[in-house]
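Quick heads-up: structures coming right below.
Two complexes are shown next, each including chain A; its partner changes from chain B in the first to chain C in the second.
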Partner chain A sequence: MPALITDKVGKNYVLFSTLISAGVIFMILLMLLIYSWEAITQNGWQLFTTVWNPPAGQFGIASMLYGTVAVTVIAVALAVPIGLMSAIMISEILPGRYRVMVKSLLELLAGIPSIIYGLIGVAFFSLWIGNIFELDTGRTILTGGILLAIMILPIIITLSEDAIHNVPDIYREAAFGLGLYRHEVIFSTLLPIARADIAGAVLLGLGRAMGETMAVMLVIGSIDRIPSPVFNTLVPGQTITSKLGREITESAFGSVHFSSMIFMGLMLLIIVLGITLIAQRFIKLRSRLYE
Partner chain B sequence: MSRILKNRLFSGISWISLGICCLILVFLIAVIAWNGIKAINFDFLMSESRHFGASGGIYYQIVGSLLMVLVAALISLPLALGTAVYKSEYLKNSKLQMLSDSLIYGLNGIPSIVFGLFGLIFFVNILNTGISWFVGSVILAFMILPTIVLASYQSINSIPDHYRESALALGMDKWRVITTVLLPQGISGAVTGLLIGLARAVGETAPIMFIATAYSGARYPDSLLEPVAALPTHILALAQQATDPDALQAAWGASFVLICLVTLFSISALFIRKRTQILSER
Partner chain C sequence: MSYKWLAALSCLFLLVLYACTNKESIHIDGSTTVLPIIAEVAEEFRSQYPDIRLIVNAGGSGVAVHQVGAGRVHIGMISRDLTEFEKASYPQADFVTHIIGRDAVIPAVSKYVYDAGVRQLSIDQLRAIYTGEITNWAEVGGPDRHILVIDKERSRGTRHVFMEVITGHPEAEAPGADLVLGANNELQTAIMQSNSAIGVLSWAWLNENVRGLAVITDDGEIIEPTKENIRNGQFPIIRNIELITNGQPSGIASDFIDFVLSEQGQKKVEDFGYARVDN
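Up next, the complex of A and B:
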């Protein structure tokens, strides 16, 4: 083939692949929007009530929204303090030669598939929670939150450790030179400088926790209700993801039931996508994504 | 509180935090390794599952998982390489660069179950492909696309400009430069990204559980349009009957094998990256 033609074909090929790669995300959004349309028009604001009863035509997703928010809040509340302190420890206190070792171990932890976390949750955590709090079942919102906390710990630690480690040494030297103690150097100098990247790390962990399916689905108990009082997380609950995982195959394609499920997926997608894109503004992920 | 005391307290809390992390790590690894090694033997690896997985082995699940990620790799690698080349060599408008970055990061951030919903709507129902190996592979390919694109983009984009200039000065057209000069050097980055992507894809359950896999009875698929068995969905099915000790035992065995596959992909990625670093330093 003459060179001119291969040049043209080649250019078109790379352009075409770029359009596909960039188009997938729009395609996904479009599909979810089209197929949740029926639920939106049929149910309207009824979608945000608490009763989910497909045979009666009631599709309120409030319990699922509550569950998603609850497990995410628990996960972040547990993982951020522990993760941040560990990051400080690895970057500032631990001798440098251990740093690479600890970080590779953390990446190993991050590579464990979520279904295996789910299995461990079923086999251990839910039993422990059940015994400690003397419950009928250990499959509770709290169990899901704890499991998620463990799953997002590696992300939070590695990203915030990078952020702290990247602060130039000159700041440390200047701060120590003023006679500050180590904790004062860290809290008054290093953390404020690394603040934006740490915020990005936390947001990214938050997004992961919200979208996580398998582990949560196995341990949360899958009952659609908002506990009373609202902060009592020692009862079974339901998240958007666990609901989708459990029930999507039971709904007929094209029915209002199916459409309402897709609507939940759309809500989840919009929230998580928003969080991810905000996190990206805070943080330079460029090299992290594939390391 | 005096400053010395505060400093002590701070050190103490840091040590405790790291200690908690280490405990979790040791616990997870010990549990998986201990229960997993007890569960696996040659028969378990080489025979098919019986009684919904509670007895028998996981041979077809391993085969199915590998088949699915293999086709996913074949789909996503050409797509990702094309995108990376376009981003690096053709796309010069910085606004479009930023847009494409956002789209790629966005795609990377989509929850895995949403990919499953998309596959269920678009492929299984609109295109009427049915629950099949092919749909699972396409969806996994989309999931790992961002990882491969970014890895290839970085390695192509970091090739010094004098390579491009020398090649162009020899009279090559742009495509010639790309295929003979840039791709041979950039391919290792793409393969690294691919392997990291596969390490993630092989363990994913949520995107494939209602579009690609049969829970039991699937053997070698006759065509791309048949469902396969897969390790993650097999573990899911077993975990749901965790009160049965045999099922739980099989679940641990399958988990251990899955972790080994993930680690295999990750370590090959590390190995390739290390080798190319040495090559480029010469």
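Up next, the complex of A and C:
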């Protein structure tokens, strides 16, 4: 019964592939937990203070947590409005023949290695920010946030453009048929219908912003400090990833120092997981008006 | 069509395998201070021994110790002496150091600050700047500007040597720091881009826009950061640049170290502004 055999083989092959993908995520989480266990048991709540001084055995990650949240908020706040408007332009206003061209260009942007963005950031953005705001140094949290916004823009544009473009034409026709203006069709009909997929695009961008290392590391100044007042982002700071990028190679494997670094990685994963779960719950990613 | 692709990929894979197995390779990692010399010496070494692959990276002195201790690289480049803590971290490793030259750690400032009259600082002033007691250039005879203090990553050899001299402790904290950067070129760029920065660099990294300062010793003597003063050991912030191996080097690693210590290698050390070690 060859049909039955190929069917079984095919089913197991698919199952096996899924298990590998799920296993990788599970293994990463497990590894992070195992290696950060020493830091958790040795330092406990001390891990959430602001002092990071490995020779003295102080491993407070608050500054890094702050930096990560700050650059991500800046990046998303800048990239989402621009990205969404660009997506609307490409999908609804631009003539169809330009759509593919513009989209391929944007997808090209998404493939540029982050070190390139980092070098551009060091050579230009940090200088501009320094000059505009008359700072001692342009290596600030804001610079990191702007650079990240540029990096996640292509992702947000191309994915939310897909979301809007995939809304079936009957909705457009029905809305125009009711005599709505074009902006009403876009904002009152298409965007609400595409909402879940747009949220997915923003989440993917947010995840990339949080996990980005190289570009941020080069422009943020890398000092473990929470600015005062806390919303002053025109001073140097540190993110979890930039800290890891700079320090992980200099910590001896198995030390509390190393373990505390891994703990920061664990925190990053937990934050991204948390945001994804909350978003799924509130935006109901699975509910669509069309299939 | 798909078979062609598969065949091409397999060929590529085999080629990579071939490239990996054919030559003996030596991995070198460590200080960006030592990198320029070793990179050049490695170039000459390669032309004399074309069958050997030398892979040179630079992640800082601390990285070199960890990598050599963990057996991931054959030769480490360090721009300071090993600390007791590091030796204790790798009890199973037998670190052997090979001194290949001598270098100075020089306080470097932006051209603007230098031109405005800051030409030398005392050890006390340097300490006050890095601990945050002095925050304006006017306090040390410069323009009325905030001092942008650039610290280095903690594991960097340059920082160890500098902190040892100004505070007496190689891993002292620097609460006055505004930025923490890593490699010499990163610092060089940041100092160049600023109008008010101070950082510490090796002699080889100073240039028109990144000017080295003279250091006033505790005896009140002003010592310029010149090649002569580094060679004769007059400059107060001085260090050895060393290669480290895990155990006595053998085979190619040993050949390479001998090559660095040979007349040809030592000439390169001098070319880069470091002082040679006389055997």
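One rule holds in what follows: the second predicted complex is superposed on the first by the 250 of 291 C-alpha atoms of A that agree within 3 Å, B and C clash if a C-alpha of one lies under 4 Å from a C-alpha of the other, contacts with A are read in each partner's own complex, and residues count from 1 in each chain.
Heads up, the rule we're going with is that a residue touches a chain if its C-beta (ideal position, glycine included) is under 8 Å from a C-beta of that chain, and two chains touch if they have at least 3 such contacts.
In this text, all values refer to a predicted model and were calculated from it rather than measured experimentally.
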Checklist entry - First (chain B), second (chain C), both or neither: which does A:R139 touch? => result second
Checklist entry - So, does A:E247 touch the first partner chain B, the second partner chain C, both, or neither? => result second
Checklist entry - Is chain A touched at more residues by chain B or by chain C? => result B
Checklist entry - After lining up the shared chain so the two structures overlap, which partner does A:V122 touch, if you call chain B first and chain C second: first, second, both or neither? => result both
Checklist entry - Touching A:F48, do we find chain B (first), chain C (second), both, or neither? => result neither
Checklist entry - Once the two structures are fitted together, what part of chain A is touched by chain B and by chain C alike? => result 122, 218, 249, 253
Item to check | In the complex with chain B, residue positions of chain A that touch it | outcome: 3-4, 6-7, 9-11, 13-18, 20-22, 24-25, 27-28, 31-32, 35, 81-83, 85-86, 88-90, 93-94, 105-109, 111-116, 118-120, 122-124, 150, 153, 157, 181-184, 186, 207, 210-214, 218, 241, 244-245, 248-249, 253, 261-262, 265, 268-269, 272-273, 275-277, 280, 285-287, 289-290
Next on the checklist: For the complex, give me every residue of chain A touching chain C.
Outcome noted: 53-55, 122, 126-127, 130, 136-139, 218, 221-224, 236, 246-247, 249-253, 255
Checklist entry - Which residues of chain C touch chain A in their complex? => result 59-60, 62-63, 66, 69-70, 89-90, 145-146, 148, 151, 153-155, 171, 173, 177-182, 186, 189-190, 193-194, 196-197
Checklist entry - For the complex, which residues does chain B have touching chain A? => result 3-4, 6-7, 10-11, 13-18, 20-21, 24-25, 28-29, 31-32, 78-83, 85-87, 89-91, 99-100, 102-118, 120-122, 125, 142, 145-147, 149-151, 154, 173-176, 178-179, 192-193, 196, 199-200, 202-206, 209-210, 232, 235-236, 238-240, 242, 248, 251-252, 255, 258-259, 262-263, 266
